[in-house]
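Scroll down for the structure; my scribbles are underneath it.
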Amino acid sequence: MRLSDLLEAEVVDRNGDRIGHVHDVRLVQDGPPLGTWGAALRLEGLVVGRGSIGTRLGITRPQMKGPWILKLLFARQRSSRVLVPWDRVRDVGQDRITADCVAAEGHDAFATDDPTPRP
Amino acid sequence: MKKLLGVTLGILTAVGGFLDIGDIVTASVTGARFRMSLAWAVLLGVIGIVIFAEMAGRVATVSHRPVFDLVRERVGARLGLANLLASYFINFLTLAAEVAGVSLALQLASDVNYLLWIPLVTFLVWIVIWRVKFETMEQVFGLAGLALIVMAVALWQLHPDWSSLWHSASHPEVTSGEGAPTYFYFGIALFGATMTPYEVFFFSSGAVEEHWQRSDLILNRANVYLGFPLGGALTLSLMAISAVVFAPMNITVEHLSQAALPTVVAVGKIGLALILIGFFAATFSAALETALSSGYTISQYFGWQWGKLVRPKEAARFHVVVLVSLIGAALLALTAIDPVKLTEYTVVLAAAALPLTYFPILVVANDPDFMGDKVNSRLSNALATGYMGILVVVSVATIPLMIATKGGA
Amino acid sequence: MNEHPAGRRLYAALQLLDRQILDADAMMAGKVDDLEFEQPSDGDPYVSTILSGLGALGPRLGGRLGRWLTAVHRRLHPDPEPGPARISFGVVKRVNNHVELTLRRDELENNELEAWAREHVIAHVPGAGHAPE
Amino acid sequence: MTEPGPPAVAVRRLVVAATALGVLLAACVQPVGPARTFDSYEHKAKDTAETALSAVQTGRLGAQAAKRDDTFAPYLAVLVSEAEDEASSAQTTFDSVQPPNDKSDNLRDNLDPLLTRAVDALSQARIAARRADFDEVAKQEPKLAKSARELDRFVEAHP
C-alpha cells in the first residue's frame, strides 16, 4: 500500500454514508525498529474532511502564525476535519475507503495534537 | 568593502530583473508616451518585490530551501508541475529574448548585426555559468550594472522642469490620445517587469548558493532594501529622461538604440559608453538569471542537485537543463524574433502567473516549523496579503487587456 | 542523540511527502515522491520505504504527463518493467526541513538519471570535474 | 488506472493556453487592413506621418549629437539606420493601401513626397554615419528639421 493510494480517497462509513476525503495520514513513531531511523512510523489514522487546499498548504494547523485572513478563510475546513483511527478502517479499495464508524463518532483531528515545535 | 560587495546579489537581481531588454524599452516607451503618469506602477512593483524577495530570502536563509522547493511542497506535485511548466515556458522565452538583447547591446557598440553576435553571447553566458564562481559572477555583473546610474546623471544634466515631472507622476491620468486599456496594459507591463518570478527564483537560490546563515539575515535585508529600490530608481530615471527628451518631439520608442539616446543628448560620449556597458551588463545579468532559473526551477521541483557551488559533474542534470535551455533559446533568438516584443509579452504572461509563485512563499514564511521565530511580522503579513489581492486582480485582468489593446499597440 | 523520541507524530502528506532528500554528504538526492507501507501480521501498517524518482512520481501524477515520466524512467532502467526506486526508511537519519539519509546518493536506486546525464553529457565537457572559480 | 486525472486536465489546459497564446502573439503582429472609407484612409495616413515624424526626430537628435561630437560612429549608424528602416517601412505599408476615392488620392499625393524626403534625408545620414563622417551627418540636420516641420504640419492638419 502506498501513501498515494490513501490520499484523496473517499471515506465512507459502514452505512455507506460519506465522511469526506483523506487529506493527510497521521503517523506516530512507535512501530517496529527500522535500521538507523529507530522505531518505525506507524499509521495512526486518516485525517478526513471536506476541502483540502488548506490542509495541503498547511494553513489549518493551529501553530501557523497567519496571515489571519487566510486562517479565517480556511477555518471552516479545519472544523470539518476528523481523525479516523486506522483500527476502524475495514477496507481500502480503489479511491474508496470503508471505515467501521459513523461520522459523528470521529473526534477533532487536532484535538490531541500537541503543537510540537522543532529545533 | 566586503560589506559593500555583499549587496551585489540584490543589485544583480534587480538590474537583471527590472532592466532586461524588454523592460529597458518598455520604460523608455512609457516615458515617451505617458511621461511620468505610470511611475506608480513601477513604485507599486518595487514595494511588492521588496516584500516578497525579503520573505523568499529569509525563508531560504533560515530553512535553506529555495522558492521552487517550497512551491512543490506546498501546492503539491500536480499544481506544482503545472506551475513548473508555465514558469519554465515563460523563463525560456525570456532567456531567448535576453540572448538577443545582449547581442543588440553589442550591435550598438559595433554596428555588426546582432544575429552574428548570438553564438558568441550564448557561449559567454554558458561559460560564466560553467566556470565562474557565483560570488564573482554576482560582483562583476552587479557592479557593471551600476553603470546605468548614468541615466540618473543624464536626468540631472537635462535640467528638467522637476515640478512638471513630479506633477505628472503624482497626478496620474490617462494621457490624451491614449485609451484607458492601453494605459493599464502598460501599467501591468511595468508592474509585471518589476515582479517577474525569475527574480525570486534567482535571489532565493543565490542565498542558498552563498550559504547565508541566520546571522546573514541582515545581509538579506540590505540586499533587498538597497538592490531593488536602486533598480526601481534606475527604471524611473530612464522613464523620466525619455519623457523629457522624447515627449516634446513626438518620438515613439521602438528600438534599444533610442533608449540610449537621451543619455547621449545629456552626457555625450562618456554617457554613451557607460550606458552601453550598462545595457550589456543588465541584459547579460538577465540572461544569467533566466538561464540559471531554468535549471533551478526544474531541479528544485524534482529534487536534483543544483547550483554552481558544486562541481558540474555533481550536478549533472542541472547543468544539462541549463545547457539545453540555452541552446534552445539561442536557436529561437536566431529566428530573428523581435526580442523587445517577446519580453513585453512574456512579462505580461508572467504577470498572469504571479500568484502561483508568491503564494507559497507567503504561507511558508508564516510556518514556525520552517521559520522558528523568524516568521513574518504582522506588518509584512498585512502588506503581503494586500499584494496577493493585487496580484490576483492583475493576473485576471492581464490577458483580456492584452487582447483588447493588441499588445499595447 | 535521541532526536525522534518515540511517540513523535508526523503528518505524512504535510511533513514527508514532496520533501527534499539529502544524502550522507548533504547532496540533494531526489524527493520523497511517495511512501510505501508494510502491513505486519499483527498491528497497524508502518512506513517501510521511500519511493523516489520518476518511477514513483509518474504513477502518482497520472494522466498523459505522468505516463510520459514513467516511460522516461523505464527507458533509463536496465529492467524491462522496473518498479519505482526504493529507499528503505531504515537508512533515514532524521526528518526536518529535509529528509536526511545515512547513505551516499550513488548508493541509491533513484540516481539513474543523474548518472546517465553525467556519463553521457557532462563528463564530456572540459572542466566538469572542477568547481567554478 | 490510466484514466486522465486532474493533472492531465491541467496539462491539457496548459497546452490549450499555450496554443491560444501563440495565436494571440500572431494576431498582435498588426496586419494592414484595407481602407474602405476616406476617414479610415486619413487615419492610416496620419499614423504613417506620425511614425515618419518620430523616425526623423530620432535622426535629428543623432545628427545634433554628431555635430557636437557627442557620439560614437557605430552607435550613430545603428540609431539612424533603424530610424530609416522605420520610416521607409511605414512608407511602403502606406503606399500599398488602396486609396478608396479621389479625395484619398489627393491625400496620398500630399503625404508621399513628405515621406520620400524624410527617408532620403535619413538615408544620407545613415550613409555618412557608416563612414564615420560626422560633418556630413551634421549637414543633414537642417534637412531633417525641415522634414520634421512638414510632417508635423501634416499631422496637425489631420486630427
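Per-chain numbering from 1; labels A, B, C and D assigned in written order.
Following the convention adopted for this analysis, contacts are C-beta pairs under 8 Å (C-beta built on N, C-alpha and C of every residue); 3 or more make two chains touch, one makes a residue touch a chain.
These figures come from a predicted structure and were not determined experimentally.
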- line: Higher number of C-beta pairs in contact (A-B or A-C) found for A-C
- request: Select the chain at the greatest separation from chain C, using centres from the mean of Cα atoms.
  value: D
Distance from the mean Cα position of chain B to that of chain A, given in whole angstrom: 41
Task: List the centre-to-centre spacing of chain A and chain C in whole Å, with centres computed as mean CA coordinates.
output: 24
Message: Report the inter-centroid distance (CA atoms only) between chain A and chain D in whole Å.
response: 63
Statement: Cα centre of chain C to Cα centre of chain D, whole Å, reads 57
- line: Shared-interface residues of chain A (touching two or more other chains) are 56, 58, 118
Residue list for chain C, restricted to those that touch at least two other chains: 60-61, 65
Message: If I count partner chains per residue in chain B, which residues reach a count of at least 2?
response: 76, 78, 81, 369
- line: Contacts from chain C onto chain A in the complex sit at residues 4-14, 16-17, 34-37, 39-40, 43-48, 51, 59-60, 88-93, 96, 102
Statement: chain B contacts chain C in the complex at 63-65, 69, 72-73, 76-78, 80-81, 130-134, 136, 299, 302-306, 308-314, 316-317, 319-320, 323, 369-370
- request: Can you check the complex and tell me which residues of chain C touch chain B?
  value: 15, 18-21, 27-31, 33, 52, 54, 57, 60-61, 65, 97-98, 105, 113-115, 117-118, 121-123, 125, 127-133
- request: Note which residues of chain A are touching chain B in the complex, please.
  value: 56-59, 63-70, 117-118
- line: Counting only contacts in the complex, chain B reaches chain A at residues 74-76, 360, 362-363, 366-369, 372, 375-376, 378, 381-382, 384-385
